[in-house]
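The two complexes that follow have chain A in common; it is paired with chain B in the first and with chain C in the second.
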Partner chain A sequence: MKKITYSLLLLSIFLVSCGPQWNTVTKSVSDKKTGAVLAAPTGWKYMELQNKIMLTPDSPDLGLLVYQVLSVSNPMRFTKQIVQKNMLPEDLAALITDNYQLNQGLSQFKVLENNPEVLAGIEGFRLISEYKSGDGNPMKMLTVGISLQDNAVILEFTAPKRVYFDKYKPEIEAILSKFQLSPDLKK
Partner chain B sequence: MTRFPFLYNFLTISILCFAFSLKAQEKKARIFENDETEIWKESQIEQRKINESGLIYQDDSLEAYLNNVLIKVTGIYPEPIQPKIKVLKSPVLNAFAYPNGVMYIHSGLLAKMENESQLATLLGHEITHSTNRHAVLAFRSQKSNSDALAFFSILSGGFGLIGAVARLIGEVGYMASVSGYSQELEKEADGVGFQRMKRSGYNVTEAPKLFGILKRDLDQEPPAEKQSFFFSSHPKLDDRIKNYNQLLNNLTVKPDSAGVDSVFIKKTRKLLFDNIGIDIQSGRYNSAHFSSIVYATRFPSDYRIYLLQAEIMNKRFPDDSNKQTEVMELYKKVVDLDSTQAEAQKNLGKWHFKKGDYTAALPYLEAYLKLSPDAKDKGYIEGYLRKIKTSMDSK
Partner chain C sequence: MKKNSILFSVLLLNWVIFNGCTPDYTRYSSKGPYLVQSIKTIGIISPDLGIFELSAGGSSEKLGAESEKSKVLILNAFTSELKKSGIEVKLIDLKGPDSTRLDETRAMFKTVNEVILTKSTDETKWKFEFDIGSIDSLATQYQVDGFLFIQGYETRNSAGRNFAATAGVVSAVLVGSGTVYHNPYLISFGLADKKGKILLHNHQTGVDGSKWTLDDAEEVTEMTEFLFKTFHEGLKIVYKIPKKK
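And now, the complex of A and B:
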C-alpha cells in the first residue's frame, strides 16, 4: 500500500513539473508562432500555453493579462460561432461579447464600454466589462482585439474591480501601446 | 323553501361543508416522509439558484398564459404542490418539473411548439411527475445520481447556455431534466398527462406530433448537444411517440387535428423571435434558420425577421458569394419596406463597406447615423465613414 502511495506521489510531482510553469519577465515576452511582442514590465510572470500567453504582475487572482490568437473557422468555446476572415471590429467585439455572455464562469456579465481601438496599427475594438466570478467577487475586464486575414488577436486583462483593476491599468495600457505583431501576421 | 328558512340554511351549510371537506381531503392527501422532505428542500435550493442565475426569460404575459394552461391541465392537485412555470433562456429542447410543481421550460422547446394542445401535452406529462411523487419513488429505487450528475456537468461544461443550466441543476433537477425517470414512471406520466389534456378539452392528436417535431428539430442540432437532456434524446422521444400513439389508438372516438391556434401564436410571438436571437448567439444556425421561417410565415410584415434571417445567413455562409448576395438583398428588402429602419441601413452600409464598395456604403452609413445619432456603435460607424472619405479624397 505504501509503495502505491509513494509511486502516486512521485507521479504527481513528475506531472506537475512537466506542465507549463510561470517564468519571470526579464526583457519582453514574445510569441514564437505569431511573432507578437508583449513588452511587460520586468519582474512580471508569464506562462506560455497553446495559442495563449498569460502574464501577471503579481498573482493571477489579482490581475491576469491573456494574449491569444483565435483561428478562423474554429468555433468559440461558448458561443460556437466562428471567427471570420477580416471581420469588422464591431462584429468581432460582438462575437467576443457573445462568448463572454455564454461563459458560465462570468455571472452578471455587463459591457460598460465598447469603442474602436487601434492595436499594433490595426483597427480593432476595446471592451470594458464587469462580472462576478464564481466565488461572487466583482471583476473588471479590458479586452482589446483585432481581426486579421486568418486570425483574430485578443488581449484580455482581468482583475478584481476593487483596487487591482485600476492599480494595474496604466501598465496594461503601456503594454497595449507597445504591442507589436509580426509583419507576416498582418498580411 | 322560504317557508322553511332554517332547513334551507342548514342544507346549504351542509353542502358547503361537505364540499370543503372533500377539497380538504384532496389537499391533505400528501404526508411527507423524511426523504421526501429532504428532496423538497433540495428542490427549493436548486430553484433559488436557477431563479437568481439571470437565465429566467422575462415575459409576464407569456408566463401568465403558461400558468393558466398549466392550471387548466393540472386540475385538482394535492397540497402542498403549487404548479408554477418559468421559462429559461436556453436554446435546447427541454423542460423539467420539480416535486413541488415548479416547472422550467427551455425557450428552445417552447419555440418549437405549434399550438396550445402541444403545450398541454408537455405540461400534462411534466406535472404528473410532481403530482405522482415520481422524484421520491425514483430516489428510493436509485440510491445516488451524484456520479452521473458529476459526469453530466463535466460533459456540459463548455456548452454555453446549455452548460449554464447544467451547472445550476442539482440531483433533483438532474433526474427531472436529464436522465428522466424509469420507463414505467415516464409511461405513467404519458398516460396521466394524456388523460389530463383530454379532460381539459385539448386536442389529443397533437400529443405525438409534439415529440415528432422535437425529433425533427433534434436532427438539426450540433452532435455534441444531442442526448444532453431528456427531451433532446432520440430514444426517449421515440418512447413518447410510441406511448402517445398507443393512447390515441385506444380511443373509440378520434378527434380531428387541431387548427391554427391564434392565441398560442400571439402569446409565444416574442419568445419565438427572442429564441432565434438565442440560437444565433449560441451558434445554432440551423435551428435559428427554421424558426425564422416559422416566424416570417406567421408575421410576414415584421421587418425585423428579415434582419435576423440576413444575420443567420451571413454567419452560416460567410464565404459563399451567392448567399452573401442574398444577405444584401434581405437588408435591401427591409430598407425598401421602410427607409427609417436604422439597423437595416447600417447593415447594408457595412455589407458594402466590407466588400470595399465605399461609394455604395456611404449613403447607408450616413443614413444610419442620421436615424440613430446616439447609437452605441457610433464610434465604429464614424471610423468607417472616415476611412471612406479618406479613400475618396485620395482618388
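And now, the complex of A and C:
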C-alpha cells in the first residue's frame, strides 16, 4: 500500500516537473541560440521548445505566435524538403506554402496574400492564409519569414478568423516591427 | 489505530469529493445576468453531443442510438428549463442553406468553450469575457435574441459497464478498494447574445462526483435542473431590472 502511494506520488511529481511549461512574459523573450528578441507584451505566456518559441496572449487556441528556426540540415515536416542557404524570399514562401498544403490538419487551406516583407532589416516574405481546424473552425494565419546563411527564421501567428485574429493583429505587428536578430546570424 | 484513522479520513474525503457535493461552475460575463434578462427568445443550435464506447485497444466509437437519444433528452430538458424562466426556444438544425454558417459558429463556440473549460471558475467567475464573434445576421434570420450552444460527451467501456473516471481510479487505488465508478462525461453550455458575447456558461463533469448519465431521461432532467439552478436565481435575484414607469 505504502509502495503504491509513494510510486503514485513520485510519478505525479515527475509528470508535473518535466517537460516545457508556459511562463509569463515580464520583459521580452529571447532565443539564446540565435539571439532573436521577441518584444511580446507583458503578461503574455511563452514556452520554449527546441528551435521554437511559442507565445500566446491568453490561450493558444485563441491566438498563437510561433517563432522557429528552420535549419538547412532538417527537412520540413510534411514536404520533407530542406531550406537552402540564402534562399530567395519567394522560394522560401513557396517552400512554406507547400508544407502547409500537405498538412492534413489545415483543411481547405488557401493563401490570401503573398507579399514581400522586411524583418529585422532582412528581405523576406509575408503570407496571409486561411484554413479550417479539425473542428471546422475557420482559422487565419500570418506567416513572415526570412532566409539566412545557414537557416531560415519563420514567425507564424494563428488565430480563429472570427474576432481573435483581428483582435491580436496589432500586437503581432508590433512584435514583428521590433523583432531583432543577433548580428552574427545576419552575416 | 492510526492507520485506521488515516484510512477513514481518506474515505471521508473521497466521499465528500466524489459523492457528497456537486460543485457549481456557473459563470456570468460582467453584465451577464442583466443582459440575459433582455433575451426572450433563444435559438439552440443542434447540440454537439456524443456517447462513445472505449474498446480495450483504446480506440473509441460513437454510439449512434445512445448519442441521438441523449441529444433529444438534453434538448427537451434544456427547453423545459428555459421555459420556466419564460424564455421561448427555437431549435435550429444544422441542415439547410445556412448549414455552413451554423456549423462554423458552433465550431467557434467549441474552440472558445475548450478555452473556458481549461480556466478555473475562480479565475473567471467575475472576469468572464469571451466572444465568438457577431451572430447578429443569424439571430435576425431565425428571429432570436441569442443562441445557446451545448457540447458534451460520455465515454463507456466496451463491456457496457461504467468506465472508471481517472479521478475515480486514483481514489480507488488510494483507498485500496473500488469505490466510485462513474462514466467520464462532460457537458457544458454557453449562452451568447447577438454580438457573440458569452453571457453565461456552465458545465458539469463526472470527475467531480456528479453521477448523471447522458441518455437516461430522469438523470438528464436532474442534471439540467442543477445546471440551470443559478441561471434562474441570477435572473430573479442578482440583477433585477426596475420596471419602467
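In this text, the second predicted complex is superposed on the first by the 173 of 187 C-alpha atoms of A that agree within 3 Å, B and C clash if a C-alpha of one lies under 4 Å from a C-alpha of the other, contacts with A are read in each partner's own complex, and residues count from 1 in each chain.
Note that a contact is a pair of C-beta atoms (placed from the backbone, for glycine too) under 8 Å apart; a residue touches a chain by one contact, two chains touch by 3 or more.
Since the model is a prediction, treat every value here as computed from it, not as a measurement.
Asks: Can A:Gln101 be said to touch chain B (first), chain C (second), both, or neither?
Replies: first
Asks: Just checking: does A:Pro89 make contact with chain B only, chain C only, both, or neither of them? Give me first, second, both or neither.
Replies: first
Asks: Where does A:Leu62 make contact in the superposed view: on chain B (first), on chain C (second), on both, or on neither?
Replies: second
Asks: Could you figure out whether chain B or chain C reaches more residues of chain A?
Replies: The partner that reaches more residues of chain A in the superposed model: B.
Asks: Have a look at where A:Gly145 lands relative to chain B and chain C in the superposition and call it first, second, both or neither.
Replies: Neither: A:Gly145 stays clear of chain B and chain C.
Asks: After lining up the shared chain so the two structures overlap, which partner does A:Gly124 touch, if you call chain B first and chain C second: first, second, both or neither?
Replies: A:Gly124 contacts neither chain B nor chain C.
Asks: In the superposed arrangement, what residues of chain A touch both chain B and chain C?
Replies: none
Asks: Looking at the complex, which residues from chain B come into contact with chain A?
Replies: Interface residues on the chain B side: 53-54, 157-161, 163-164, 167, 222, 280-284, 315, 318-319, 350, 353-354, 376-377, 379-380, 383-384.
Asks: For a test of understanding, state which residues of chain A touch chain C in their complex under the given definition.
Replies: Those residues of chain A that touch chain C are 1, 4-5, 8, 58-59, 61-62, 132-133, 135-138, 160, 162-163.
Asks: So in the complex, the part of chain C that touches chain A is made up of which residues?
Replies: Going by the criterion above, the answer is residues 103-104, 107-108, 110-112, 114-115, 118, 131-133, 170, 173-174, 176, 196.
Asks: With touch defined as at the start, can you tell me which chain A residues reach chain B in the complex?
Replies: Residues 75-82, 84-86, 88-91, 98, 101-104, 107-108, 114-116, 123, 125 of chain A touch chain B in their complex.
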